[in-house]
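These notes open a run of structures that come right after.
Presented sequentially are two complexes of chain A, the first with chain B as partner and the second with chain C.
The block that comes next holds the complex of A and B.
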């Protein structure tokens, strides 16, 4: 929303074919809304708490009654929670997955709501398009799977990665180096970047396409025949909008799924 | 580690302020703190409230379902035993009916046999009586004929002789004669 205002104020419809801000940061570093003492509270921070609030509210109103015959809303919330608990936590990690289910469920719901902010009217900003939440959750997953790996297997957790006995001797050292690098450096990095980059790309596309579309159509007096370009941008933006619904859900799922897979690989490293 | 991380973040932040876009791919410290607090709220709510709540409702649902299944099972067993009862009753009723019909038939047969034998006996009695009557009639008729013959013979003899004969003596004579005739015949 705010980003579109930025675009509108900067866009020269007579000479440009698409509106873009001078600095891409303007699309992601949202302005401060109010101050608490010295602390500047940005719109992103408010949205982060709003996401948490929405998750808590959905769970509270969905599960509060706990009726034997659930209402439609209760059934939806129950199946969401059960989906992460059974289909992700227990199916991937195994019986021990129960211990990680609260973390994975909270992660999935928080990311789902945060991602869906991308396409929520009047919000239009995914909190996961900022690195804070992807990085934090990736680090938590990293700490969990490294800790569990050492806790369950002792020092063998590390030696099994560096010196994998299943691999032929000639290749063992090479695979060991790759595995070490992949497990301890690439895993958290890719986990965070995958989510972050997907939502950055989505937000960028939606803002530029829909924003440009609206501005070109709105300023048709100035743009003339070029406002048809705006129609094209807007239509394209709507297509991306639908696509981004899928991306938002999918990325929340993938992040949760991979966290579960990483934890599983530490609980049962031989697989 | 956290200290090192925040140092890196602060460095990145200053760098970003100088016009580089590296700040876009590094977490903003304030947002990071907000994210940690917000996620912690969600996590503790899921852990301490949502999971127990969903467990309770799933458990009560499971109990309700198993209770209903049990009820259905009992109802089924009851229905089965009722059906068995009815079948048994039906079978008893049928055999009872068969027995009654059989008895009635036997009774009928007995009555008929009784009637037949009674009527046979009666008939033979009637025949016998008729036979006796006929014989008596015959004897009486014979006796009367004999008397008549004797009287006629005496009347005839009186007419021939012309005088009254001793009737009693003549009767005795004729009787003897007739008896002789019967013996000869």
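The block that comes next holds the complex of A and C.
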């Protein structure tokens, strides 16, 4: 909603084909809603707390009774929790994966709600499109898998990465350098950036297409026959909208899956 | 003069991102294509294949993502 106001204020319907702000950053910096002392609370911060609150409420009300014959709502929440616990934690990490299931479940549900904000009417802003959320979660996963690696294997965790015994001697140093770089730098970086980039791209496409569509159709008098372009943008935007539902769910799943895989590689480093 | 260099930089960054997307595009195509072949041959393994496919996509995608980030940094 707010993004469309930005688009509308800058859009010259008579001369342009699509409405785009001068700087796309404007679409991701939401305005301050109120102040607590010196702290300016923006809409993004409210949405982050809303997402956390929704997750806690879903889990609390879904699993409160724990009846043997579950209600429909309880069955849905149970299947979500069971999905992360069994299909992600146990299948990837192994029997000891149950220990990491609470972290993975909390992360998966938070990301799912945060990503789905992208396509929720009246909210329309994925909190994961601000780098803070993916970066923080990636750092937490990074700390967990490095800690678990050293805790389970001692100093051998590091030496196995730099000097892998399975590789022929002539290539060992090269593989070691690549592995060191990929494990400690690329892994957390790509984990965070994957989620961030997917949601940024999705939010940009939805805002520009649907926003331009609405503005061109709204300013029918000024744009004339060009408002037909708006209809095309709007239809295209609706197609992307359906695609973004899949992306939102898939990216939450992939983030959780990759966290599990990274933890697994620390628990059983020889695989 | 200043402005034209800025425009040139933006264009180059855009081309760089386009080049960075070629490899992962081909790679993801190969990953998904082979996963579909595997699922068609052994439907009972579909669950495992799907999980592994997503992992493969995620690793292949990394190069395109680095390109995407560099596009914004440049």
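One rule holds in what follows: the second predicted complex is superposed on the first by the 271 of 271 C-alpha atoms of A that agree within 3 Å, B and C clash if a C-alpha of one lies under 4 Å from a C-alpha of the other, contacts with A are read in each partner's own complex, and residues count from 1 in each chain.
As a convention for this text, contacts are C-beta pairs under 8 Å (C-beta built on N, C-alpha and C of every residue); 3 or more make two chains touch, one makes a residue touch a chain.
Everything numeric in this text was worked out from a predicted model, so none of it was measured.
Novice: With the two complexes overlaid on their shared chain, look at chain A and say whether chain B and chain C clash or fit.
Specialist: Chain B/chain C on chain A - fit side by side.
Novice: So, A:253: does it touch chain B (first), chain C (second), both, or neither?
Specialist: Second partner only.
Novice: More chain A residues touched by chain B or by chain C?
Specialist: Higher number of touched chain A residues: B.
Novice: Just chain B (first), just chain C (second), both, or neither: which does A:158 touch?
Specialist: neither
Novice: Please work out whether A:238 is in contact with chain B alone, chain C alone, both, or neither, and reply first, second, both or neither.
Specialist: Neither: A:238 stays clear of chain B and chain C.
Novice: I'd like to know which partner A:204 touches here: chain B for first, chain C for second, both or neither.
Specialist: After superposition on chain A, A:204 lies in contact with neither partner.
Novice: So in the superposed three-chain picture, is A:68 touching just chain B, just chain C, both, or none of them (first/second/both/neither)?
Specialist: In the superposed model, A:68 contacts chain B only, not chain C.
Novice: So in the superposed three-chain picture, is A:144 touching just chain B, just chain C, both, or none of them (first/second/both/neither)?
Specialist: Neither partner.
Novice: Could you tell me the angle at the CA centre of chain A between the CA centres of chain B and chain C, given to the nearest 10 degrees?
Specialist: Given the fit on chain A C-alpha atoms, the answer is 100 degrees.
Novice: Identify the partner contact of A:18: answer first if only chain B is touched, second if only chain C is, both if each is, neither if none is.
Specialist: neither
Novice: Now for A:186: first (chain B), second (chain C), both, or neither, which partner does it touch?
Specialist: Touch partner of A:186: chain C, not chain B.
Novice: Between chain B and chain C, report the minimum C-alpha distance in the superposition, expressed in whole angstrom.
Specialist: Minimum C-alpha separation, chain B to chain C, in the superposed model is 6 Å.
Novice: Show which residues of chain A both chain B and chain C reach, each in its own complex.
Specialist: The answer is that chain A has no such residue.
Novice: State the interface residues of chain B toward chain A in the complex, per the touch definition above.
Specialist: Counting only chain B, the residues touching chain A are 16, 21, 23-28, 30-32, 34-39, 41-43, 45-47, 49-51, 53-54, 56-58, 60-61, 64.
Novice: Which residues of chain A touch chain C in the complex?
Specialist: Listed in rising order, the residues are 87, 91-92, 186, 190, 193-194, 197, 201, 250, 253-254, 257-258, 261.
Novice: Would you tell me which residues of chain C are touching chain A in their complex?
Specialist: Residues of chain C touching chain A: 47, 51, 54-55, 57-58, 61-62, 65-66, 68-69.
Novice: State the interface residues of chain A toward chain B in the complex, per the touch definition above.
Specialist: 24-25, 28-29, 39-40, 42, 44-45, 48-49, 51-52, 55-56, 59-60, 63-68, 70, 74, 78, 81-82, 85, 101-103, 105-107, 109-110, 127, 130-133, 135-137, 196, 200
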